[in-house]
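Everything on this sheet refers to the single structure shown next.
Should a chain be cited, it is by its letter among A, B and C, assigned in written order, with residues numbered from 1 in that chain.
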Amino acid sequence: MSRATSMTLIALFLFALAVWAAEAQLNPFYLQILGLLGINIIATVSLNFAAGFGGMFSLGHPAFMALGGYTAAILTYPVAMKGSRIPGYPDWLLQLQVPFLPALLIGGLVASVAAILVGWPVLRLRGHYLAVATLGLTVIVQVAIVNLVDYTRGALGLSGIPRLAKPWWIGGFLVLTVFVVYRLVHSRFGRALRAVRDDYVAAQMSGVNVARTRLIGFTIAAFFGGIAGGLLGHLLRILTPGQFSFNAVFIGVAMMILGGMGSITGSIVGAVIMTILPQFIIPLERGGNILGIEVPALNGLTQIVTALILIGVMLVRPGGLAGAKEFSWRSIFDLPRTGRRRSSRHGGASVDV
Amino acid sequence: MTVFSEFLQHMANGLVLGFLYALVGIGLSMVYGILRMINFAHGEILMVGVFLALPVSALGAPAWVVLLSGLAGATLMGLLVQWAIYRPLLKSPEVTLLVASLGVSLLLQNLVLMLTSPQPKRPAPAPFLDQPFLVGEIVLRNVDLAIVVVAIVATLATHLFLKHTRHGRALRALAQDMSAARMMGVNVPFMVMVCFLIGSALAGVAGVLIGYKYGHLTPLSGFVPGLKGFVAAVIGGIGSFPGAVVGGLILGLLETFLVGYLPDALAQYRDAYVFLVLILVLLVKPSGLFGKPETVKV
Amino acid sequence: MSVLTAQALKKSFGAVTAAADINLSFDADTVVGLIGANGAGKTTLLSTVSGIVAAHQGQVLYRGKEITRLSCEQRVAQGIVMCPEGRRLFPEMTVQENLLLGAYNVTDKTAIGAALDRVYALFPRIAGRRKQLAGTLSGGEQQMVAIGRALMAAPTLLLLDEPSLGLAPNLVELIFETIAEIRKLGCSIMLVEQNAAMALEVADFGYVLETGKVTVSGRASDLKERHDVVEAYLG
């Protein structure tokens, strides 16, 4: 096998080691943050697949996360509580309690179906029209969750979700998501997707079915978004409509563009920064005594920092931290190219016709 | 109340709401017409305008002074945002401007949140505006009448500006063919500023009127009117000034009738309906009523 | 004194060099014709003179002053006005509104009124259509409005890009007669034309552009006789 593959396997092994060590050693608070980090990476990488690689700037990702999250939570919800908390469902559902993995996958599936239904008409729209239409989706889903109290417990939120999202699950799905997206991007489908992004007329003339390519890309992104939502619910043990509101849209966009649209590495970097950074800011928000200085309560500081990042990145470095560059073992170790030549080449925005 | 007079009541309410949407939509439409960007922060400029007018109101100023302060506050904010953030990004791709305006929206909401107390605010009561105003069986308040009058005056003034002044003509020309307008000696950055000035001023006016009518102002109060103003602009044909006016009225009527006639259980989804309308319009006739068939679709 | 001088003008669009090294100069009250094949760089040259496009290298001097760094709007104020290829009228505005836009920089109401009268006198055919939407006019009428619009700013250097494009022969005649009239108003004209014969007929001087460079230049009457020019462009 090639050097790059063996390096990747070593990295995976080290990652697994890290997850095991974290689970054994870290206190729950830090474990939770790492869990959130993993979920944010999944969400951002999947969003970037549609927005960065596919050119479909969607503000509807929180909606898919919500759909996936609530679906998975409802399926794993203890039967004993279902009847009282979320009575709206038919009896067979109320008697059902599904293990974690199938519940997650079904959640992802529900998100995918929604993506197909919504995407088929809406993906025809251009740029900012698509953005507003998908933002509308987020609003509609959120409003629906708030009002369908018998099915979701409304604004109060669905609490009491079993804590099933152990670090292994999150780590595992993280690796899966990154792996799948990476392989897709560098596949024939990925090239077609990027071709559609760059010049859809030229893509059509090369025989690419533009509408179907976009829809597939959009749906795959939604699937992993739904998974992320499912993991979120089972990590925090509670889901509320507020988690999938405009705020979620802003933070999601910030993570993606900070890292750089069109770069998987960038999405990971962006997610890491935007997950860790607020942890330092939140104490400032509460105010009080910090490092010996009296600080007043600064409400909304996290969002202000997010906003400044959004604006700042656009003004100074719109490509984000990573631009369109991807991490590669070659660039670190300056390895010679060994092994068989692969048919799929390295990233970038070029089109192979 | 008879069925007919109930209908008329909804009609009246809808028109009042519609005029508010029109005021918000005009600014969005004009900016889109020239810059081809959707200013997500338009609603926040509205909100900043009315928040800046609140202290004026607290000092006991008459309502029209408060209105003018809101106008001035929003205009200043709009010009500042345009100068600091949108102007440097004039030549950037669509997505960049979109993300930047999202950032501005978030920033303004939270700056105001941070600097003010959490309770909802309202302008100091203006008894005159709260007086009932009756037309036959239709019940309105003076504030509703004020909304209609102010909106008509503002819209008319904007129309006259666009039609009969050289800068107004230049603005219209810019929206039709930017390159050719430059060849006439039109200074694009200056015109963009004028465009933002008008749009923000109208938004500020709308903000103060909303404050007097509903009285429940929070830093988030601009977001929904901003989005609905956008929907109004799309219905009428984004980029078109008469379109924004007509679109606003249509949306106001639509929303009021839906909420008025649907059973309560469905009526609470009112914000979702507005978005459904938007998506429908974008799919069926994206250029709206008065717009040119521009490439909205990929 | 020369009204326009271009020195070592270079302009590329990405990997394509549209203007490689252009040098030319002419005096006031002249009509200069630029001829050459498609893609030779004629429109690029006009665009760099008008300021719509910035040259990468080289200088443009107008009446002795360097204007290379000036923006399009500033050059219009100086008296350089472009009438672009394809007319580029504002389709949803009336003829009158289009003309008034030409006078955007002029604040004196009487001057604008006088300019309007001049244009309508020059093109009586559009005088009767002043309230009509520009997008609904015929090609010839649109060209008249386009030229008229450029004249509203009382230019001293008028840049005309392919005015005869798509017009019937009798209208082409009319346009070129008008060009002669315009020169009488004290305006120099830089004319880009596919129709080389007509261009050299009305021009005093001519420049032949090939792949971004001036290859032949001289008095128009001389160029008309030159063997190579006749072969390539007048045959």
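The rule we apply is simple: contacts are C-beta pairs under 8 Å (C-beta built on N, C-alpha and C of every residue); 3 or more make two chains touch, one makes a residue touch a chain.
Everything numeric here is computed off the predicted structure, so don't read it as measured data.
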Chain nearest the overall C-alpha centroid of the shown protein atoms: B
Most widely separated chain from subunit A, with each centre as the mean of CA atoms: C
Subunit A and subunit B, separation of their C-alpha mean positions in angstrom: 33
Between subunit C and subunit A, distance of the C-alpha-averaged centres to the nearest whole Å: 55
Subunit B and subunit C: spacing of chain centres that average the CA atoms, whole Å: 43
Sites on subunit B touched by subunit A in the complex: 37-38, 85, 88-89, 92-100, 102-107, 109-111, 113-114, 118, 223, 227, 230, 268-269, 271-272, 275-276, 278-279, 282-283, 286, 295-298
Residues of subunit B touching subunit C in the complex: 166, 169-170, 172-173, 176-177, 179-188
Complex contact set, residues of subunit A against subunit B: 57, 121-129, 131-133, 135-137, 139-140, 143-144, 147, 200, 210, 246, 249-250, 253, 257, 261, 298-301, 303-304, 306-311, 313-315, 318
Footprint of subunit B on subunit C - complex, ascending: 50, 52, 72-73, 76-77, 81-82, 84, 88-93, 97, 100-105, 149, 153
